[in-house]
Structure formats: structure tokens, C-alpha cells
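Same chain, two partners: chain A is paired with chain B first, then with chain C.
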Partner chain A sequence: MSYLRDVGALARKDLLLELRARDTLPAMLLFVAAIFVVFHFTLPAKPSRLETSGLLWVAILFTALLGLGRAFVPEREQRTMDGLVLAPCDRSAIWLAKSLATLAFLAAAEVVALPLYALFFHRVSGATVLAVVLADLGICAVGTFLGAMAVVTRARDLLLPLLFLPLAIPIVVGAVGASVGPPVVASPGKYLAFLGLYDLLFGVICWASFEYVVSE
Partner chain B sequence: MLIVRGLGKRYGDKRVFRGIDLELPRGGFVVVTGPNGSGKTTLLRICAGLATPSEGSLERGVGRAQVGYLGHEPLVYRELTALENLDLYGRLYRVPERRERIGMLLERFDLWEVRHERVASYSRGMTQRLALCRVLLHDPELLVLDEPYSALDEAGAGLLDEQLAELRGERSFLLATHEPARVERLASGRLALAA
Partner chain C sequence: MSAAAATIRPVGRTSRIPLPALAAASLVLVTGALALVFFVAPNDANQGFSQRIFYFHVSIAITAYACFAGAAWKAFLHLWKREPRADLESYVCVHQGLIFGTLVLLTGSIWAKISWGHWWLWSEDQLVLFLVLFLFYCAYFMLRFSLEPGPQRANLSAVYALFGIVLVPVSFAAIRLAKNLIHPVVFTLHGPNFGGWILVTYCVAQVAMLVLAYTLYRLELGGKRLDQRVRDLKEVLV
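Moving on, here comes the complex of A and B:
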């Protein structure tokens, strides 16, 4: 219970910081909306569901990258990571709280993105919504972990995409497979299960290894 | 409380210090002095548990929860208020009667009136006083203080003097300063680092 209380206190802090500074969420919202508007005018008149599913996931992935790149910015700019690392709570609570806060921002961006996708391209299926939920978990878990590694380097803006995008390929494969629907994919079940397995596997790895990321 | 034997630290080829021996008994007050670049901050970070030594051994008689560390940075969030910052740390350190303790510290360090203002609007001295509140919030057994008087005006420095004198003997102190005369009467030992 105390672990969850620590996660709650840290996540609340991250949400409060964003509420005050408004650095991340407006950028994510504008970016994802801009992508759909641009592609609406640049794609052929009636793009296939396979094409637009790919577009949807590229938009979600790069919007998430914006949020992930800023996840540890308060700690870096105000050098508060030492304070969190010294606190007697389990250090994985810092990762989990950051992941949850980033998940909240990404979910807010998707509240805008999915209706826009439906408006410009195709109807959003239930399987797509489920794929979004599962993919978000993996994106935020892995991305936050890598964000903590990248933030202490000089080339952080370059390093995070370089580390994250290869690890996100399985997410894209699973998510596109789950959201493209028939006739290309008869049943999204195995793709959703694949996403769930990815979340579980990488979630456990990140949770267990975060201690080493924030230790000297 | 703290036993250090043959401690050394290097970053790549650059040696910061080596062969440091130090014993800080429970209730002791050791003042660390030395010129810029002598490794005071690095030594204190190692003693606080924020860095690992390259050689030698360190035994700390208390866990992370009982260490209070004040570094060059205040370790508070500028976009949060003093109250929100202390509440966050109070929760993480599981401080009993958190609100009362926070209120008492804010009053003691003369920040009560500005407790709802964002730290970004504070002067450097006010931020340092808030950092001191953060350090003392969980009533740590071991206080590791790196230049605690920096940025404090006479009134702030006086408040810190009072606090140190009050806790002297009850808590253990490792304090780095360029003004050793200020804490001379409290010190039970001194460690002078060479450049």
C-alpha cells in the first residue's frame, strides 16, 4: 500500500507540474491534430484502411515521443532527481509515476486524435481502441525508462528516439495488426495478445531495472 | 554513525581525492573544509548515498530514510509552492503528523506567509531556507550539509545557527563550508581536504 501511496504522490506532482507549466500537453495536442490535418490534405482521396492505420500509429508514436522527451525535464532542469533518489521509497515508484503521468498526457492527446482520425479517414473500431490502450501502456513503460537514461546525456534529444523507436517496432506491428481489421486481418485477438505480452514483459524489465538507471 | 576508510573517487583519469579516513560518531559534528575542487561536494554526496566511491569503504549507521542532504541545489520544484514541495517529501519520507511538522518548519524559517506561492517567485535565500525545511522535515539522524549558509542573509544564517545549535549532540552532522569559523563552537572534528 505504501508503494502505491508513493506512486500516487509522485504522479500527482507530475500532473501538478504540467498543470502549472503547460509545457507538454498543449504541444502533444497541437502536434497530433496537425499531423492528421496535413495527411488529410496530402493522402489520396480515399486511402485504404491499411494505409491510414499505419498513419494513425505513426502519429501516436511521435506524439508520445514529444511527451516522453519532456518527462524528466523538471528533474533535469531543476536537478531534483537527487531528492527523489534519496527518498526512502522504492525507486521504481519514480518510473511508475512518470509512466502514469505520461500515459495521462498521451490518453488526452488520443481523445483528440481518434475523433480526428474518424473524421478524416475511417471509423475507429473497438479493436483499435483496445490496441490504443495496450500500446499506450507499452509506449509509456519503455519510453519513460529510456527517457530517464537519455535525460542525463548531452545528446538526449537524439538519443531517446534512437533508443525508443527500435523498441517500439513490436508495438507498431501489434497495434497496426489489431486495428487494420478485415479483410487484411481476420481477427485482431492475436495482435492484442501480442501487445499485452509486450506490456507485461517490458513492464517487468523496466520496473526491475529502474534502480540501476538512477544510481550513479 | 559514519566510518570512512581509505575513500577515493575518480572520474575516468581524473582523481578527485583519495585516502580519506573519517569517523563521525553519533551526535558528532564534523566540519569539512578545503579549497574549490578539493572534493568536498563529492565526498558529501558519497556519504549521503548519492554517489559511489571508486576505492575504500564507507559504513553508514543509518538507512536512506535517516539521511538529510543539502547540496548545492535546493532539490525543490520551482513550479510548486513551498507547501506542495514539503508535502511531497513528507509523503515520500512518511513523516508522522506531516502537516503540523511542515507548518512548524515553515514558521521557524519564516516562510509561512509565502507558503502558497510558487518557489519560482522566491529569492535565492528563501529557496535555501525552504531547502533547509526539506532537509529537516523527516528529522534525520544524519545531516549532510554542503555549504548550508550559501545565499542566506544574516537573518537566515541566524535561523540556521539556532537550528544547528538545537540539534547539536542529538543528531550527527557532516558539514562542508568555506566559513569554518561560523560553526567552530559546534564542531567536534574537522576534515581538511587538500586541492
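Moving on, here comes the complex of A and C:
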């Protein structure tokens, strides 16, 4: 119970910081809207559902990267990471709380992005919404973990996309497969199950190994 | 002097098989594999002579997987048992894996050009998987060289190398999910889909590549350890 309380307190701290500073979320919202407009001009006239659902996932992935890149910036700028590591709580709670806060930002961006997508391109199916939920879990779990790694390196922001994108390819496959719909994919169940499996597998690995990322 | 000597790290465990013997074994095995591939193995009924690249392509691919698995195992030993040598060994495994992985991309690309007329085919599962792994392990080097040598670099490298071994089956499943079938499946759940001289030639080529990779691993590891020792000595002398 105290573990969940620690996670709650840490996540609340990040949400409160964002609520006061408004650094990340407005940038993510603007970025995802701008990227849809760019897509409109890069796609052929009347693009098919197959084409646009691929681009929806490109937009989601890059918007998530924007948020993930900012996740550990307050800790770096205010040098609070040492304090968090020394706090009498399990270190995986830091990762879980940060993942939840990033998930909240990403979900807020998608609450705007999905209706915009429906307005500009194609209707959003129920399977797409489910895929968004499952993909978000994987993106935030793995992305936050890698964000914590990238923030201590010299290359910092430059490194996160390089570390993250190869690991995000399975998420993209599952998410695009679940959202293209018939006639290309008759049933999204297999793809959604794959996304769930990815979340579970990488969630457990991140949870178990985060301690090694923040301690020597 | 004794305090100075204490700061110099030992060269590390010397393996039972000496390096010259390994190098000689590699030479014999690779030559034997080449002879079998070009003079003994029969021509493929569909693809003819060009199919012989399969013996190298597949054996190099499995060797690359073995290197990545070795890297993950050493990474695990570093994290779990804090073995002082495991970090460098894991890094050298990844380095060798990346070299063999690049060779998989090259040989696969040549095979694709001869068989299907294109240098690159997204429908080839193994090629796409190796491209993903290539990107992943290149990022491993970016991560490693973006950190100062020390326990933090060893930890982060080890954790990322562990991610790599999980990414292999997950990516493979993902690519299978996204594929359309062109790539010939030579290994099924019921075992290899060939026999006779083809199997013998493949096995020799596979052993040759594994021994070659191990020789290169030992060679690089020896060089890196010597380099580390020289640097430690310099520090002591300064």
C-alpha cells in the first residue's frame, strides 16, 4: 500500500509541476495538430484509411517522444534526482510515477488528436481507441525508462529517439495492425493481444531493472 | 610500490583454449566450410548456384544471435553478480554481434537481389529483424560512448543489452504479424527443412562461424584488457 502511496505522491508532484509551468502539454498539443496539417500536404488527395492510420501512429509516436524528452528535465535542471533516489521508497516507484505522469500528458494530447484526426481524415474506430490505450502504456513505460537513461548522458535529448524508436517498432506494428481495419485486417484481436503482451513484458523488465539505471 | 601495484587491475581470467589454437581452428573450419559450400554441396533445384550464399547467410545470422545472447548473459552477470569483467565482455559481445549483424544485412541483401531482383525486400522477416537490431545496437554504442567510464556506464549498458535480447523475439513476432510471405522458411518447428550434404555443409559453416566469432571476441577482449591495463599503469606512474 505504501508503494502505491509513494507512486501517487511522485506522480502528483509531476502533474502539479506541469499544471504550474505548462511546459510540456501545450507543446504536445500544438505539435500533434501541426503534424496533421503537414500530413495533409504530404498525402495524396483523398488518402485511404490505410495511409492515414499509419500516419496517425507516426504523429502519436513523435508527440510521445516530445513528452518523454521532457520527463526528466525538471530532475536534471533542479538536481532533484539524487533526492528522489535517496528517498525511503522503492526506486521503481520513481519510474512508475513518471510513466503515469507522462501517460496523463500523452492521453490529454490524444483526447485532442483523435477528434482532429477524425475531422481531417477518417473516422476513429473502437479498435483504434483500444490500440491507443494499449500502445500508450508501452510507449510510456519503455520511453520513460529510456528517458531516465538518456538524461544522464552527454548527448541527452539527442539520444532518446535513437534508444526508443527501435524498441517502439513492435508497438507500431501492433497499433497499425489494430487500427487499419477491414479489408486489410479482418480482426484486430491478434494485434491488440500483441500490444498487451508487449506492455506486460517490457513493463515487468522496466519495473525490475529501473534500480540499476538510477543507482551505481 | 605495493599500494601502486594494488591499483592495477589484473589482466583477467585467461581462458583454457589459447588464442593461437582458436585462430588455427577458425582458419581450418572456415576453409573447410568454403570447400564444402563450393565443391560438395549440391546446387539448389530452384535457385541454382546462388543459393550457396545461404550457408553463410544463415550461419552468420545465428552467430550474431549467439553474440547478442552472450552480451545479454554477461550483462545479466554484471547486474546480478557484479562480476568486474562482465561489462567489458558484454560490450565486446555486442560489438562482434553488430559486425556479424552487418554481414547478415549484406549477405541477405545480395541473396535478395539474386533471388528476387531487389536489393531490399520488406517481406524478408530476417532482414527486417536484423535492420531493427542493427539500429538498436548502434544506439547501444551511442549510449555507451555518451557516458563516462564507470559503474553508471556499465549499468546502463547492461540494462540496454538485456532489452536487446527481449527485443529479438518481440520484434520477430511483430515482423511476422506485419508480413507477406516471400522469405523461404528453412527452419520450422519440426526441424530443418533439408538433409544430406546440405545439412553437413550447413553444420560445418555454422561451427566455423561460431568459432570465428569466438576467436574475434577473444582477440578484441584481450586487446581491450591490455589497453585498460596500460592506462592503469600510466595513471600509477603519473
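The working rule: the second predicted complex is superposed on the first by the 214 of 216 C-alpha atoms of A that agree within 3 Å, B and C clash if a C-alpha of one lies under 4 Å from a C-alpha of the other, contacts with A are read in each partner's own complex, and residues count from 1 in each chain.
The rule we apply is simple: contacts are C-beta pairs under 8 Å (C-beta built on N, C-alpha and C of every residue); 3 or more make two chains touch, one makes a residue touch a chain.
The shown structure was predicted, so the numbers you read here are calculated from the model rather than taken from an experiment.
**Student:** Quick one: is A:F194 in contact with chain B, with chain C, with both, or with neither? Answer first, second, both or neither.
**Tutor:** Second partner only.
**Student:** So, does A:P182 touch the first partner chain B, the second partner chain C, both, or neither?
**Tutor:** Neither partner.
**Student:** Looking at the overlay, does A:P44 come into contact with chain B only (first), chain C only (second), both, or neither?
**Tutor:** After superposition on chain A, A:P44 lies in contact with neither partner.
**Student:** Does the superposition put A:E216 against chain B (first), chain C (second), both, or neither?
**Tutor:** Once the two structures are laid over each other on A, A:E216 reaches both partners.
**Student:** Regarding the shared-chain residue A:T153, is it in contact with chain B (first), chain C (second), both, or neither?
**Tutor:** second
**Student:** Decide which partner touches more residues of chain A, taking chain B and chain C as the two options.
**Tutor:** The larger set of chain A residues in touch belongs to C.
**Student:** Of the partners chain B and chain C, which touch A:S2 in the superposed model: first, second, both, neither?
**Tutor:** In the superposition, A:S2 touches chain B alone.
**Student:** Check the residue A:K13 against both partner chains and state whether it touches chain B (first), chain C (second), both, or neither.
**Tutor:** So A:K13 only meets chain B here.
**Student:** Pick one for A:G126: touches chain B only (first), chain C only (second), both, or neither.
**Tutor:** After superposing on A, A:G126 lies clear of both chain B and chain C.
**Student:** Taking the contacts chain A makes with chain B in one complex and with chain C in the other, which residues are shared?
**Tutor:** Of chain A, residues 215-216 contact chain B in one complex and chain C in the other.
**Student:** In their shared complex, at which residues does chain C touch chain A?
**Tutor:** Touching chain A from chain C are residues 79, 132-133, 135-136, 138-139, 142-143, 146-147, 150-152, 155-156, 158-160, 162-163, 166-167, 170-171, 173-175, 177-178.
**Student:** Give every residue of chain A touching chain C within the complex, in rising order.
**Tutor:** On the chain A side, the touching residues are 149-150, 152-155, 159, 162-163, 165-167, 169-170, 173-174, 176-177, 190-191, 194, 198, 201-202, 205, 209, 212-213, 215-216.
**Student:** Enumerate the contact residues on chain B facing chain A in the complex.
**Tutor:** Contacts found on chain B: 48-52, 63-65, 67, 69, 71, 73, 75-80, 84, 88-89, 91-94, 118, 134.
**Student:** Inside the complex, what are the residues of chain A that reach chain B?
**Tutor:** Listed in rising order, the residues are 2, 5-6, 9-10, 13, 16-17, 20-21, 74, 78-80, 82-89, 215-216.
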